[in-house]
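Below, chain A partners chain B and then partners chain C, in two separate complexes.
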Partner chain A sequence: MTPSARTIGMLIGIPVLFFLAFFLFPMVVVAVASITDPNGGLTVANYTRILLDQYHWDVLWVTFRIGALTTIACVLIGYPLAWYLVRIVAWAPWRRACIILLIVPLFTSNIVRSFGWMVLLGRNGLVNDTLQALGLIERPVRFLGSELGIVIGLVYILLPFIVLAVGNAVADVDPSLEQASADLGAHPSTSFWTVTFPLSLPGLMAGTVMVFMLAVSAYVTPALLSGGRITVFSMLIFQQYSTVFDFHYGGALSITMLVLTLILVAVAGRIGAAKGA
Partner chain B sequence: MTTSLLEIAKLSKRFGGQTALSDVDLKVEQGEFIALLGPSGCGKTTLLRCIAGFLTPDNGSIQIAGDDVTRLPPYLRPLNTVFQNYALFPHMSVADNVAYGPRRKGATKKEALLRAAEALDLVGLSGFADRFPRQLSGGQQQRVALARAIVNRPKLLLLDEPLSALDLKLRKRVQIELKHLQEKLGIAFVFVTHDQEEALTMADRVVVMSGGRIEQVGRGEEIYRAPATRFVADFIGDANLLPCSILPDGSLMTDVGSLRINPKIPPKSGALVAVLRPEQVSLLPDGPMEGLSTAPAVVEDVIHVGSHVIVNVRVGDVVIASRVSGPLPARVVAGARVHVGFRPDDLHLIAD
Partner chain C sequence: MMALLIRIVSFAALAFLVLPLVVIMGSSLTTTSFLAFPPQGLTLSWFGKVITDASYVSAFMTSTVLAAFATVVAVIFAVPSALAIARYHFPGKRVLSAVLMSPLILPHVVLGAALLQYGTAIGLTRNFLALLVGHIVIITPFVLRAVLPQLTDEQRSLEEASADLGGKPVTTFFLVTFPQIRSGVLSGAIFAFISSWINVELSIFNTTADLTTIPVKLFNYVQYTIDPTIAAVSAVTILVAALVIIILDLTLGLDVLSERR
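On to the complex of A and B.
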């Protein structure tokens, strides 16, 4: 029995409707709001206001710098960690325990975890106390209200994403390829850079893009750890929606952010592809 | 005394409680083609991986050209391997795959590519340098793997069931090509296979393994004609295995009648098994024949196998297979009473 046209229509239609309702529709609402004025007329005033104001460019610069630093730190910590979990940890229960430790924090709210870091990174927090006790610093370092603090918080929250993405990619590299490389006379470190690493690049790229996007669009962690001293772009958007109630201007800020992020990711992807070829 | 190219002594390896290799001794000479043959789980792949360095044996030593390499990591061993799944680098072109070895040995990029081109030429893949492994057929990938393994001209090449993924026709052709290439290059091959025909076709010497032990080492024809153990007799080719014993008067008693012991076979004590190949068993529809040891038999079934016919006959409690190459007499049908016979000289005795 072949399914009726009605069944096929439902099978295709329901996911499409779901996508339209929950992904496309809100985006369209925001996009439309960004190019209209309060009276419903079309306008580009919101965009000229953003693009001609140096302040917005400053905030964008800070946002993308924090995003880039977070991404770099995540890659530098996450790649070796993922590689260690997949290739070095031979005992399955230990590997499972490590992965659970990595994932469990994702079950708690960002807010709780960021508050945790506020406690740890405070003037008299555990981090400063420890560094002082070790004699590494003389007086407390200002983490809260600095970009460093925000980066620490974001790295902590986003690390699992890159570890999972890279871990999957490394696990997919057939160990016999590394053996073939060794068989042909390659030192293990050479094997890693000529075989394992290039083959795990797609996973690393996916993880990097994910972390960067989440880092530049993060609101809770930067808001809590900035101590009101640092402004990232998502805070400007939040202000427009929650305090100023200017949905048109807020929408234009959102779209600006989205487009710039996509451009950056596309450029990075292009560079990555060119290097890979 | 000249040293062998590869000398393995008292090699043992256990995985958990499982014995994978036990007290394996083996010598391989320059330019020799050795096949490690056995059913799956017999230890042949474990032995190969110990030689390559991917496994460290628990006991024993491995010497290559007089140097002890037992504890040497794979990248320092003077040999190369063709892997079962070929293990071609998917992100590199065919040329880069083959040039990988020379590059690691310090050749310049240009030099390495030149040598890769030569190696590809040897395996008949000259036009494929710029392709990627995924664009090649299984047979072509196998050739690339071979080219990559011989490009550095190792003295010793290990091959881990390299033809098992190819279809039968192609496999037969590649077997011959591989043998010719091996003779041309003078590289010693240690070739793992579970296919006895492959081993007998290609190898100078066949090493039959079972349960982590070497059962017998010898030329293919030797192993077929004079198997050392019951396992080898059973594993290589088809064999009638007849339990037998030596009577006090020195004659041999089998289930196929009693006969005088073959003077070439030294009398052995204990239980014996006589090995008789189906082609050594004559079917005698018209009764006993002079010069043969014979026994009356009943035809059980007649199996046509294209080029020849296998006739299974029952003699007392045992079923004996006889291979008939010529035309089959008309009266040889299931249930027919016939005689079987064999030349006493053909009987090969092994301790059971």
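On to the complex of A and C.
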């Protein structure tokens, strides 16, 4: 063994063994369980049970619709906020305060944050009371147990991710490029869409992918805000492992979710790479 | 005109970010036995109820000890791995960094389920160690991600100088390399600690009535009852988060979004 091989072995040996034992191997066990039956024989029944059943497609459709709506809302709110924090705020202490406001939720459990929305969005919660007082609605809107409530909760949880990703990208754009564009007679909006926005796209794409992944795989927020009326895919997985104890079918559900999300991430990455090039 | 619109959206977004936290803190002070916001009267009795309840205290302890152990191990795993990745060429390097980073994008419910199934087979379920291994897996990437960018090629000549002067590799690491990556290790470790402290999706598979973390305990409770006790526990976790962030801001500086010229 060469000296550097020994050094590398000492540096990564234990972490590698640990990740093999407690990360890769457990994932392999799930994958194997998903293609076997309780007697150990090979089968695709667990997958056909998912793919040939309309119920699973309905749940997937709801899950991905919630994920897409959450992502769109996060981008529409997050991009302007990131822009505001990087480009508009001139007073550094206020920006620091804003960043603290952005990170405190990130450091607080999903439970606590969703719980806040359970209180706010209730039948007699602050949101319904305010909307009624303003005369915008006549009767309380049902937020809890609706997709809208879950989307509000998820946007709340995931917004900081996109703001940080976009903010870092915008902060890295050299302002002299916009200056050059303006000097050449471009309208500010033209400069934005042709110069700054394309340069911030990799950050936006990274943030978007992360938000979408986290939104479709979220369990806690949908579980708390669905009021038991809406089912998303992660709940099916949780049910199988916590109450039904069917590891074979549960494994197939896990792998299905993993594969679908990875495909979407790969597609998004492709689009991002093509646009960024 | 556009700038005004951006300001309006931003102020609304900032209000949106603060609102639930204010509501939780506010309603934890109510004198009513049900949750009320704005609070009716002011009392700290719900906080008193929490800190005198042994089950909450024990859950807080479990969460903290778990996060502390997991963070220490994550740092011990991530820093040497980062060194190997940044300083050496070896076959499978890309695979190694991909594997060590992938818990960041893997749905935690899937990983939790996988660890439960695997743990059932090898007899590692529903105890502290089972919780710990899962938490180490999900938080190691946070440290790795923070440390890797700080290991630059320019540091090599300093390390070589130290070696030429007779410094052993371990001495060189602690006297030369570590001081240059300290802020990355610290910020990575803090993110790792917090990610462990607030985790539900992974922990929930391996907790029991006697061994539970504070977020899992809250999760199980909130699904059945909502009362000011829950608001008080939540308020404590928000205050801890705010405290950590303010310390982080004062020591490392969190002004991450200023324009870099």
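Note that in this section the second predicted complex is superposed on the first by the 256 of 277 C-alpha atoms of A that agree within 3 Å, B and C clash if a C-alpha of one lies under 4 Å from a C-alpha of the other, contacts with A are read in each partner's own complex, and residues count from 1 in each chain.
The rule we apply is simple: a residue touches a chain if its C-beta (ideal position, glycine included) is under 8 Å from a C-beta of that chain, and two chains touch if they have at least 3 such contacts.
Predicted model only: the values in this text are computed from it and were never measured.
Undergrad: First (chain B), second (chain C), both or neither: which does A:177 touch?
TA: A:177 contacts chain B only, not chain C.
Undergrad: According to the stated criteria, A:33 is in contact with first (chain B), second (chain C), both, or neither; which is it?
TA: After superposing on A, A:33 lies in contact with chain C but is clear of chain B.
Undergrad: Counting only touches as set out at the top, which of chain B and chain C does A:252 meet: first, second, both, neither?
TA: After superposing on A, A:252 lies clear of both chain B and chain C.
Undergrad: Using the superposition on chain A described above, determine whether A:219 touches chain B (first), chain C (second), both, or neither.
TA: Touch partner of A:219: chain C, not chain B.
Undergrad: Considering only touches as defined above, state whether A:14 meets chain B (first), chain C (second), both or neither.
TA: second
Undergrad: Which holds for A:199: it touches chain B only (first), chain C only (second), both, or neither?
TA: first
Undergrad: Could you let me know whether more residues of chain A are touched by chain B or by chain C?
TA: C
Undergrad: After the superposition on A, what does A:60 contact: first (chain B), second (chain C), both or neither?
TA: A:60 contacts neither chain B nor chain C.
Undergrad: Pick one for A:104: touches chain B only (first), chain C only (second), both, or neither.
TA: The answer is second: A:104 touches chain C but not chain B.
Undergrad: Just chain B (first), just chain C (second), both, or neither: which does A:157 touch?
TA: Neither chain B nor chain C is touched by A:157.
Undergrad: For chain A, which residues belong to both interfaces, chain B and chain C?
TA: Touching chain B and chain C on chain A: residues 188.
Undergrad: State the interface residues of chain B toward chain A in the complex, per the touch definition above.
TA: Within the complex, chain B contacts chain A at residues 52-54, 73-75, 79-81, 83, 85, 87-91, 100-101, 104-105, 148-149, 152.
Undergrad: Show which residues of chain A lie in contact with chain B when the two form their complex.
TA: For chain A paired with chain B, touching residues are 174, 176-177, 179-188, 190-191, 194-195, 198-199, 276.
Undergrad: Give the list of chain A residues in touch with chain C in this complex.
TA: Residue positions touching the partner: 4-5, 7-8, 10-12, 14-16, 18-19, 22-27, 29-30, 33, 77-78, 80-88, 92, 95-96, 98-105, 107-113, 115-120, 126, 156, 159-160, 164, 167-168, 171-172, 175, 188-189, 210, 213, 217, 219-220, 223-224, 234, 237-238, 240-242, 247, 250-251, 254, 257-258, 261, 265.
Undergrad: How about chain C: which of its residues touch chain A in the complex?
TA: 2-3, 5-7, 9-10, 12-14, 16-21, 23-24, 27, 35, 37, 77-78, 80-81, 83-84, 88, 90, 96, 99-100, 103, 105-118, 121, 133-134, 136-137, 140, 169, 194, 197-201, 204-205, 214-215, 218-219, 222-223, 226, 230-231, 234, 237-238, 241-242, 244-246, 249, 254-261
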